[in-house]
Amino acid sequence: MSRDSNYDHHISIFSPNGRLYQVEYAFKAAASASGLTSVACRGSDTCAMVTQKKVPERLIDPSSVSNVYTIIPSIGCLMTGHSPDCKALVSRMRYEANDFQYKYGYPIPVGSLAQRIADIAQVNTQKASFRPLACTAMLVSVDDEKGPSLYKVDPAGHFLPFKATASGAKEQEATNYFEKKVGDLSGYNADETVRCAIMCLGSVLGSDFRGSEIEVCTVEKGGKFKKLSEEETERHLNDIAEMDA
Amino acid sequence: MSRDSNYDHHISIFSPNGRLYQVEYAFKAAASASGLTSVACRGSDTCAMVTQKKVPERLIDPSSVSNVYTIIPSIGCLMTGHSPDCKALVSRMRYEANDFQYKYGYPIPVGSLAQRIADIAQVNTQKASFRPLACTAMLVSVDDEKGPSLYKVDPAGHFLPFKATASGAKEQEATNYFEKKVGDLSGYNADETVRCAIMCLGSVLGSDFRGSEIEVCTVEKGGKFKKLSEEETERHLNDIAEMDA
Amino acid sequence: MSRDSNYDHHISIFSPNGRLYQVEYAFKAAASASGLTSVACRGSDTCAMVTQKKVPERLIDPSSVSNVYTIIPSIGCLMTGHSPDCKALVSRMRYEANDFQYKYGYPIPVGSLAQRIADIAQVNTQKASFRPLACTAMLVSVDDEKGPSLYKVDPAGHFLPFKATASGAKEQEATNYFEKKVGDLSGYNADETVRCAIMCLGSVLGSDFRGSEIEVCTVEKGGKFKKLSEEETERHLNDIAEMDA
Amino acid sequence: MSRDSNYDHHISIFSPNGRLYQVEYAFKAAASASGLTSVACRGSDTCAMVTQKKVPERLIDPSSVSNVYTIIPSIGCLMTGHSPDCKALVSRMRYEANDFQYKYGYPIPVGSLAQRIADIAQVNTQKASFRPLACTAMLVSVDDEKGPSLYKVDPAGHFLPFKATASGAKEQEATNYFEKKVGDLSGYNADETVRCAIMCLGSVLGSDFRGSEIEVCTVEKGGKFKKLSEEETERHLNDIAEMDA
Amino acid sequence: MSRDSNYDHHISIFSPNGRLYQVEYAFKAAASASGLTSVACRGSDTCAMVTQKKVPERLIDPSSVSNVYTIIPSIGCLMTGHSPDCKALVSRMRYEANDFQYKYGYPIPVGSLAQRIADIAQVNTQKASFRPLACTAMLVSVDDEKGPSLYKVDPAGHFLPFKATASGAKEQEATNYFEKKVGDLSGYNADETVRCAIMCLGSVLGSDFRGSEIEVCTVEKGGKFKKLSEEETERHLNDIAEMDA
Amino acid sequence: MSRDSNYDHHISIFSPNGRLYQVEYAFKAAASASGLTSVACRGSDTCAMVTQKKVPERLIDPSSVSNVYTIIPSIGCLMTGHSPDCKALVSRMRYEANDFQYKYGYPIPVGSLAQRIADIAQVNTQKASFRPLACTAMLVSVDDEKGPSLYKVDPAGHFLPFKATASGAKEQEATNYFEKKVGDLSGYNADETVRCAIMCLGSVLGSDFRGSEIEVCTVEKGGKFKKLSEEETERHLNDIAEMDA
Amino acid sequence: MSRDSNYDHHISIFSPNGRLYQVEYAFKAAASASGLTSVACRGSDTCAMVTQKKVPERLIDPSSVSNVYTIIPSIGCLMTGHSPDCKALVSRMRYEANDFQYKYGYPIPVGSLAQRIADIAQVNTQKASFRPLACTAMLVSVDDEKGPSLYKVDPAGHFLPFKATASGAKEQEATNYFEKKVGDLSGYNADETVRCAIMCLGSVLGSDFRGSEIEVCTVEKGGKFKKLSEEETERHLNDIAEMDA
C-alpha cells in the first residue's frame, strides 16, 4: 500500500496494476462534494431530470440555487459534484455548443456534445499539468433522429446514453429503483416520465418533499428544455400523492 | 495525517479522499488575512454592503483605505482577504467588464461578471503552475432584469447570488444575524437595507462605531454604485441609535 | 525490485534493463479495464470482428453500448480497453481519416490509418508530459489493393496486420483457437468468416450466448463496414447451432 | 516546524495555515539588503522623501549613489531593498509609464503606476517560475486631482497611499515618529514637509548628519520631482539646527 | 553503484564519469527488443541486407511482417529494435526524404538522410523531455557519386558508413564473420553480395533456413531498392547449398 | 546548516533569512574562475583599466589572450570571471549596443548599457530556468555629458559607477590601494590615470611585471577606447620605474 | 562529498564552491569518448591538424572514418569527443556559416564562427533543459586579415586562438611537445608546419604509424582547407623518417 501510494501524486502515470489513482480520487470528490442525489430518465418522447435542491445557506436566494443548466434551448444539463468544476464545465459546454452552431449552422446534437465534453475530460486524465474535473454531467435532449436522449459524462471521460440514471450520494439506490421500472419506462408519456423520476428520488431519500425542495426539468419532443416552476412541481407531487392514496 | 500531508504541496492533485488541500489553505488565508468582517444584503430595490475600515497604520490616508471598488458605474465590489490578491482580482474584473462592453456594446451583467471571475478562480485550482487567489469578492448591482443582485465568489471558484451574506473573520456570526432578518429583507427600502447591513456588522462586532470606522456602499435601482460619505454614514448611525432608543 | 521501481514513475525513461514500465502498465490497464474479449479474423474477401456486449448497467440503452465504430464507411474499428481512452482515440482516428480525405482526395487506406495512430501512440511513450493510452484498436477494411485487412494497434504503438487476432481478457485463449483455424481462414467466404469469429468467442468464453450479448461487425469486398443487427446475429448463431448438431 | 518548512520551497503554494513563506522571506531580504532607512511624508502641497546615502565603497562616485529615481518628470521613486531588484523594478516602472503615455496621451497618474507595479509584484507571488522581488518602492507625485500623493508598494504586491511612511532597517521607529506628527503634516508647507522628513530620519538614526549623507527629494504642486542638491540639503539642516537651538 | 544510479533517471545529465545512462539503456532496449539479428554488406555495385523473419504470432500475415522499408525508391532501410520506435523513425525518414526532394528538387542522398536522422537521435539524448529511440537503422543505396553505400544509425546518434555490418542479438558474431570476408567484399558482384549476407546470417544462427524465414533486400547500381521474393530467396539458398556441396 | 542547504538548489527561491544562495555561489565562481585581478580608475578626462594577462598555456597566441573588449568605439569593457560567461555577456552587450544605435540613431551611453546588462543579470537571479552568469563586467567610456565613466556590473545584477574599482582575486587589496588615492584621482591627466591603475595592480600583486604581462586600456575625452600596445605599456612602466627611482 | 554531490544533477546550478559539475562531467565525457588524440599547429602561413584515425571496426569503410570536416571551403574543423555530439555540432557550424554568408554576403571569418559556436555551448551550460555537448572543436583557417588562425572550442564554451594545441586522451603530452617548439612554429613553412604536427602526434603516441593511421589536414594562405591523401601523408612520413635518419 505504501508503495502503491507513490503512484497517486501524478495525473498522468499508471500504477503497476494499471490504475489511475488521481482519476479515482476525482470520482470520490465528485460524489461527496455536494451530498445531493440526482436522477434522470427518459420516456417515450420525453426526458426528465430531478435533483435535490438544498439551499446551502438560508441567505442564498433559493431561486438561484440550481444545478440545472440550459446549454442551448434544446439541450439541458444537470450537474453533480464540486460546484466550481460544474460551472466551469457548463461554461465550456456552452462554448462548444455555440462553436458547433457557428461552424456547421445547426444546433449541436446532444450526443456530439457529450462526446466532445468527454474528450476534454479524458485529456485531463492524460496530461500532466491539469487535474481531472470533479463533476458528473447528465445531458438530456430530444434528438431529431434518436428521440429522447440522456447522457452521463464522468470525471474519467466516460460518456454513455442511459434509459435512466443517477449520480451523487445515493446513486446506487436510485439505480436500483430505476432498474425495476426499466421495462415500462419507454412507454411513459411526458407526465409519467416526470413522475417516475420524482418518485425515484422520493423513494431513495425515504422522505416526502415539497416542490421547493427539488428541481425538476424536462424536455419534450418538439419542445425546449425547461425547468418546472414550483407550482408545476407541486402539481406533480399532488398527483403522485393521489396515486399513492 | 503525515501521509495525507503529501497531497497538499501541489495545486492540481486530489488527496485520496477527494480533497484539494491547497484550495482549503487558500480559504484559510483569505479569512485570516485582514481580520476584518464584511456584510452585504439586498432589499426591495437596493443592495448595501458594509465592512470594517481599519486603517492598518495611522499614517495611511484613511480616505484611501478601502475594500470597496467600483468595477463599472453600475457594479460595485467589496473584497475580503489577502490585499494584493484582492487588488489583482479587481484589476482583472475591470478588464473583463471593459472587454465585455467593448465586445457586446452594453455593460456586463453582474451575474456574468461573477461567473467569469469564478471560472478564472476555478482554473487556478486546476492548473499546476498558479496558486489559488486568497480572497473573496462580493459583487452588487441592480440588474435591469433580475433587480437587486448580490454575488459572492470565493477562492475555490464558487459563485452564488445571496439575499444577504458575509465574509471574513466573523462570517458565521453575521450569517446568523442575517438569517433572522431574511424574511423581512426583500421588503426593505433603500434606507432600511443600508441600516440592516450596518446593524448586522455592529451586532457581530459587539461594539458601537463611528462613521469613519466602517465603509458603507450601496446601489439603488436606476442609480449608480456609490460609497456613502462619512456624513451619510453618521446619519444612518444616528438613525439607528434613535431607533434603539 | 525496490530499486527498479524507481524507473516506473516517468513516461520517458528506460529502466537499466531497457524496459519502459509505464508502457507495460498501460497494457495491463488496457487488458483489465473492461474485462471483455474481442476477436477478429479475415476470410477470402471479408473481415469480421466479434466482441462481447456487456451492458454495464441495465439502465443503459443496450443499443448504445458498443465498442464498434465506423471510422469512415469503408473502415471499421473495434476498441478494447479503458473506455474514455478508446473514445478519445476513435475521435482522433476520425479526425486523421477526414484530414487525409481532405488533403489527398481519396479515403485513407486502413494501413495508413493504423500507422498514423500507432505513431501517435508511440509519441505518448516517448514524451514526458502525456501517459500512454490504455486501449487496443482493431481496424478492418477491404483494401482495394491488399484485399481484406485487419490491423491491431496497441498502447506501445505497435501496429501489425493479422489473419486473425484477439484482445482483452481472454486474448491468449482466442489466439490459440484461431491458430488451429489459420490454414482454412483465407478460404472462408463471408458467412464462414463471421461464424469463425463467433465460434472463437463462444469457445473461449465456454458458454452459449444470444444475439444481444455479442457485437458482430463485418466488412465485405465492395461493401461498407457494418454492424450486424441482432436478428442477423441470431441467424448466424442458429446456423452454428445446427452445424454443431 | 520541520513539517511546515516543506511549504517554503515553492513560490506558489500555501502552508496549511495559509501563509506564503517565500513572500515572507522576500520581505526579510528587502529589509536587510541595504541596512538603510527611508522615510517619506506629504504636506499641504508637497511630498518629500529622505533616505540615508551610504556610499558602500569610498571609490564609488558619491554623486551616483542614489536610491532616488525620476520615473517621469512628475513622479519620483525611492527604492529600498536588494539593489538589482530595485533597479529592475525602476526599469519596469519607466516602461509602464511610457507605455501609458504612449497609449493614452497623458502622463500616468501615480496611483495607476503604483497599482500596475503592485499587480506585477502580486503575479510574482502567484506564479511558480519567478521569485518575488526583494524591494519596496515609495512613489510620490502631486496629482492634479488628488494633490500630493505618496504610495508604497511591497514584495507581496500591497500598494497603499500614505500620509507618511518609512521602509528599511528602522521602519518601525520612523513610523512611530511620524505618527506623532500626523496631525500637523497636512498643514505643512513645502519647507516644513522636507524638514519633517529630515528630522524623522535624524531622530530614528540618533545622530546628526551632513548634507552629503542623506538624499532628499521633493515634488511640489505644479513642479517637477527633483532631488535636492547638497547645498539645498545643508540649508535645511542648518535651519533645523537653528530651530532646535 | 547506488550513488551512480542517481544519474540514470534523467535524459540530459552526465554521470560523474561522463556516461549518459539513459542512452546506454536505450541500446540495451534496442538490442533485446526483437531478439532478431540483421546483417548487411556491400559489394562492387550492390548492397544487400538480410534479417531474420520471425512471425511473432502464427496469426499475423507473414507477408506483412517485415523490418525492411523503402524510404524512397533508391534508398532502403532495415530496422532493428523496439518495433514502435522503428516505425516512428521510418515515418520520420520518409518525411525528411520528401522534404528534401521538395526543397531541392532531387532525391536525398543516403548519407544526408543518415546524418539528418542521426542529428534527430542526438537531440533525443540531449534534451530533457524526450527519451532516446530504442532502435538501430541500416540504410542502403547506390549513390550516384559514392557507389554502393551502407549506413548504420544508432540510439546515441552515431552514423557511419560500413562495408558490412550487423545489429541485434548476434551483432558481434555477424561482425566477426564479415571481418573475415572484408577483403573480398568489394569485388563481389550482385549475386555474391547477396549470398555473402545470407551466409553470414546462416553462419551466426547456426542453422539452415528456408526462404520464408529471412528477409533479403538489395539495391543495385542503376536499379531501385527491392525486397526479394521468397522464390528469389530460395534460389539463392539453393545456390549456396550447391556451393557448399 | 543542513536545513538551510535545501534552499540553494533552486535559482529563484529565498532562504528563510532572505538569501539567494545560487547568486552567492555565482559570485564565488566569478572570483575564483580565472585567478586574475583587474583594476580600473578614472581621471579628469580619462578612464584606464589594467588587468593581468596570464596566457593560460604557452601555446595560446598571447596577442589573442585578452579580457578587454571594445563594445562600440567609445565604450570598452574589461571582463573578470568564468570565461565562457564573460564572452557570452560581451556578445550580448554588443547586440544591445547595436540595437540601441539602430533604434535611436546614436551610440548607447555607457550608463544605459550598464543598466541594460544589469537588468539581464537580475532576471537570471529571478527566473527558475537559467543560472546567473559567473562574471563581472567593468565598462568605461567618456560620456558626452557625464565625462569619464566607469561602471561595474556583477552576477547579482548590481551596477554602479566608480571612481576606481577592482574585481577578481585581489579585489579587496586593490580597492584599499585606490582608496588612498581617491582624493587625487579626479585631477589626474591621461598619463597619470593610466599609471595609477598600473601602480595599483603592481602594488597588490607585489611584483614587477613587463608590458607583456598586463593589459592596459584607456579611453580619453574625444577619443576612442583603445588597448595600449606592449610598447606603450612598457613606456608607462619605465616612467613609473623612473618616478620610483 | 555526499553533500556536494547533490549539486551535480542539474545543468544550471552552482555548487557552494562555484563549480558547475555537469560541465566538468561533459569534459570528462569528451576526453574519454573516443580515446584518440588530436593535435594542431599553425606556421607562417599555414595551419595543420593531425589526428589518429582508428577505424572502430574493420568493417567500416576506412575512407569514411574521419573527424575532419570542411565547414566552408576556407574553414576546416577537427572534432574530438562523443561522436554524435561532434556531428551535431558540425551540422550547426555549417548552418551558422551558411547563415552568415547569406546575411552578410561574404564567408564567415573563422573567429566569428568559433565565437558563435562557443556562445551556443555556453547556453547549454546555463539553461536547465539541455545538457552540454561532450566534444571539443578545433577550427583552422587562414584569415584574410589575421593570417593563419587556429581556435579551440570546448564543452564549457571557452574559445581561444592557439599557436598549437591538442585535445583528447594525450592532450597534456602533446601540449608539452608543442611548448618546446613554440618559438620556431611561426617561422615554419607549409611543409614544416604539417610535419611538426605529425611529429608531435608520433612523439606522444610513442609509435610509428602509417599514412592510413592518421588524418592530416591543412589550410594554406590563398588556398582551401583540404585533407591530405594517404599518399601525401606517406610522403611526409618518409620525409620525417629521412630527417631522423
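For clarity, chains are labelled A, B, C, D, E, F and G in written order, and residue numbers in each chain start from 1.
Heads up, the rule we're going with is that a contact is a pair of C-beta atoms (placed from the backbone, for glycine too) under 8 Å apart; a residue touches a chain by one contact, two chains touch by 3 or more.
What you see is a predicted model, and the numbers here were worked out from it, not measured in a lab.
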Which neighbours does subunit C have in common with subunit E?
-> none
Cα centroid separation, subunit B vs subunit E, in Å, comes to 69
State, to the nearest whole Å, the distance from the C-alpha centre of subunit B to the C-alpha centre of subunit D.
-> 31
Could you put a whole-Å number on the gap between the CA centroids of subunit A and subunit D?
-> 56
Numbers and ranges of subunit C residues touching at least 2 other chains | 10, 128-129
Could you tell me which shape the graph of touching chains takes: line, ring, star, complete or other?
-> ring
How do the chains line up around the ring if the path leaves subunit C toward subunit E?
-> C, E, G, F, D, B, A
So in the complex, which bits of subunit C are touching subunit A?
-> 5, 8-11, 21-22, 25-33, 56-61, 64-65, 82-85, 87-88, 91, 124, 128-131, 133-134
Which part of subunit C faces subunit E closely enough to touch in the complex?
-> 3, 6-7, 10, 12-20, 115, 118-119, 121-123, 125-129, 156-165, 175, 178-179, 182
